[in-house]
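The following pair of complexes shares a single chain, chain A, combined with chain B in the former and chain C in the latter.
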Partner chain A sequence: MDMNQKGLRREANEEAQAAPLVPPVDIWEDNDGITLKADLPGVAKEGLAVGVDGETLTIEGAVSLGESAKLKDVYAEVRVARYRRTFVLGRDLDSEKIAARLKNGVLELRIPKLEAAKPRRIPVRVA
Partner chain B sequence: MYPSLTAFPGDLFAEFDAMQRLLGMGAWQPSSIRAAARGAFPAVNMGTTDEAVEIYAFAPGLDPAKIEVCVEKGLLVISGVRASEAPHVSDNFHVYAKERYEGAFKRVVGLPEEVDASRIEATYRDGVLRVVVAKRESMKPRRIEVNGLEQIQHKQ
Partner chain C sequence: MKAMAELKQGLSEGWRSLAEGWEHIREHAGAAMTRFRRDRRPRTLPAASDENFPLSSPHWGVLAGEVFEASGKVVVRLEAPGMDAKDFDVQVYGNILVLRGEKRSVQEAGDGTWRMLERAYGTFERAFRLPAEVRAEEATASYRRGVLRIELPKAKPDAPRHVKVTVQ
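So, the complex of A and B:
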């Protein structure tokens, strides 16, 4: 889960004056856990860091477009080459078993619930 | 239930706008007539090198075979459809956030005059569409030899 954090930190220092972009996300929950999808266009596997510290989930990504150094900007809507977003996980989620998948610039996280936290049907006995 | 999971994302351009206001560059600053409203999908960057004009469209989660890229009368048009991936709210799902763009999209970028629209290349990597349009040979910067007076006289 802790991929390339050092590299990201170094870049973060260099660009510390510009706030990172906040990637848009979709989040939904089913009986077994939570699924999170985040748009991180331009982030390769090497530039992605997903980490959990206590109950805090952090997603960080560095944009690498592979453009030539001679490229001069004419017009830019994306002006920062970093993404960062943090979430607080509930205690009912199993942060040890988070699965991450990155495809075409979309990160998909699956955060399962702890067994104890899964919904159970409580049988009602007729007295 | 998880309020922090549903916090709305910050505005990418807020800082830039604030800076512009600070510098007294307000609404009177001319902008391209085709510049889209902020937050348009996909976001587009454009840059130039000596050889080509490069356009980057930040369009993650697409099938590259279904992205339409065409050039018409000096305009580059990028269009397609991004399907919805989040499930609909039902008994089995709670949806906490649905911020990612879904549906049809189309962005139009005016190309500079010096490009050769017949030499255009598009690649899709890590959710970014990169379109490289070559510049016309006659428009590329080149070095002109400066002849001394003597050399010219020799030729006569």
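So, the complex of A and C:
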């Protein structure tokens, strides 16, 4: 690879660092709440930030490569240092009870619905 | 979407980052677009025709790969979140490293609906050209934070042509 190409790539890498990547997510909704799974490969617990501001849920992750600087990159497809995505939480969700888990590069959030928003089952008594 | 909606930021900012994003993807990530095959019926995801399943998980996903070179070794990394080490198959054919895997979908408990399905499931295959001859039989592979990392010591040209590498 010649110098010019290398320079161009470095530039692109810097750009990539400026613009965070939007992680793909799966969202499952059931009667009790929603489960959100986001792919954040390379993100450690320390580099992860999940926050709620008003109705806005923000997921942010910083990639920690863990590779020594001695390694010379021969080939790199997507060099992203940061992930970021925001969602608007519906009023029926209880943002104070969000549970988060990070495993194998996947963030799993469970956001329960407010008690008042859950469908109520009325027991039927047999007379 | 009732319970949750994606927040769209300023339209102009959106377009700018979209254009930049595509430019970046076109230049650097063409090869990272990976086809996910679902030859077998997925055990857990319902069919797209199901009434309560208006969405279908994508058949393409981005698995970013990187090849590093250092004195004495070649390091290949592949971003493949949400897998188990046993779901990978790593093989070396001469100077080509082939990574195969299956990303399994997980059944959600109880009655519910998928609101978004952007993560791809199924089997995939990626091949990387190694920049040097390697001793494939001494290669090691590890899986951490959703990133598969294979370290291959560089070696003599008479290295075996086809060796299976176990993922730890």
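Quick note on the criterion: the second predicted complex is superposed on the first by the 103 of 127 C-alpha atoms of A that agree within 3 Å, B and C clash if a C-alpha of one lies under 4 Å from a C-alpha of the other, contacts with A are read in each partner's own complex, and residues count from 1 in each chain.
Simple rule for what comes next: contacts are C-beta pairs under 8 Å (C-beta built on N, C-alpha and C of every residue); 3 or more make two chains touch, one makes a residue touch a chain.
Computed from a predicted model, the values in this text were never measured in an experiment.
Visitor: Just to be sure I read the superposition right, which of the two partners does A:90 touch: chain B = first, chain C = second, or both, or neither?
Guide: Touch partners of A:90: chain B and chain C.
Visitor: Kindly classify A:105 by the partners it touches after superposition: chain B alone (first), chain C alone (second), both, or neither?
Guide: both
Visitor: Return first, second, both or neither, reflecting whether A:24 touches chain B, chain C, both chains, or no partner chain.
Guide: After superposing on A, A:24 lies in contact with both chain B and chain C.
Visitor: Considering only the touch criterion stated at the top, classify A:113 as touching first (chain B), second (chain C), both, or neither.
Guide: It touches chain C, and chain B stays clear.
Visitor: Applying the document's definition of touch, where does A:43 land relative to chain B and chain C: first, second, both, or neither?
Guide: Both chain B and chain C are touched by A:43.
Visitor: Using the superposition on chain A as set up above, list the residues of chain A that contact both chain B and chain C.
Guide: Common to the two interfaces on chain A: residues 19, 24-31, 34, 36-37, 39-44, 64, 67-68, 70-80, 85-90, 104-106.
Visitor: Under the definition above, what is the set of chain A residues touching chain C in their complex?
Guide: Checking each residue of chain A against chain C gives 9, 12, 15-16, 19, 24-37, 39-44, 56-57, 64, 67-68, 70-80, 85-90, 92-93, 104-106, 111, 113.
Visitor: Where on chain C is chain A touching in the complex?
Guide: Residues in contact with chain A: 1-7, 9, 17, 20-21, 24-25, 27-32, 57-58, 61-62, 64-71, 74-75, 77, 79-84, 108-120, 128, 131, 143, 145-147.
Visitor: In the complex of these two chains, what residues of chain A are touching chain B?
Guide: Touch list, chain A to chain B: 18-19, 21-31, 34, 36-44, 64-68, 70-80, 85-90, 103-106.
Visitor: Enumerate the contact residues on chain B facing chain A in the complex.
Guide: On the chain B side, the touching residues are 1-2, 4-6, 9-10, 12-13, 15-16, 32, 35, 38, 40, 42-50, 53-54, 56, 58-62, 85-87, 92-101, 112, 124-128, 130.
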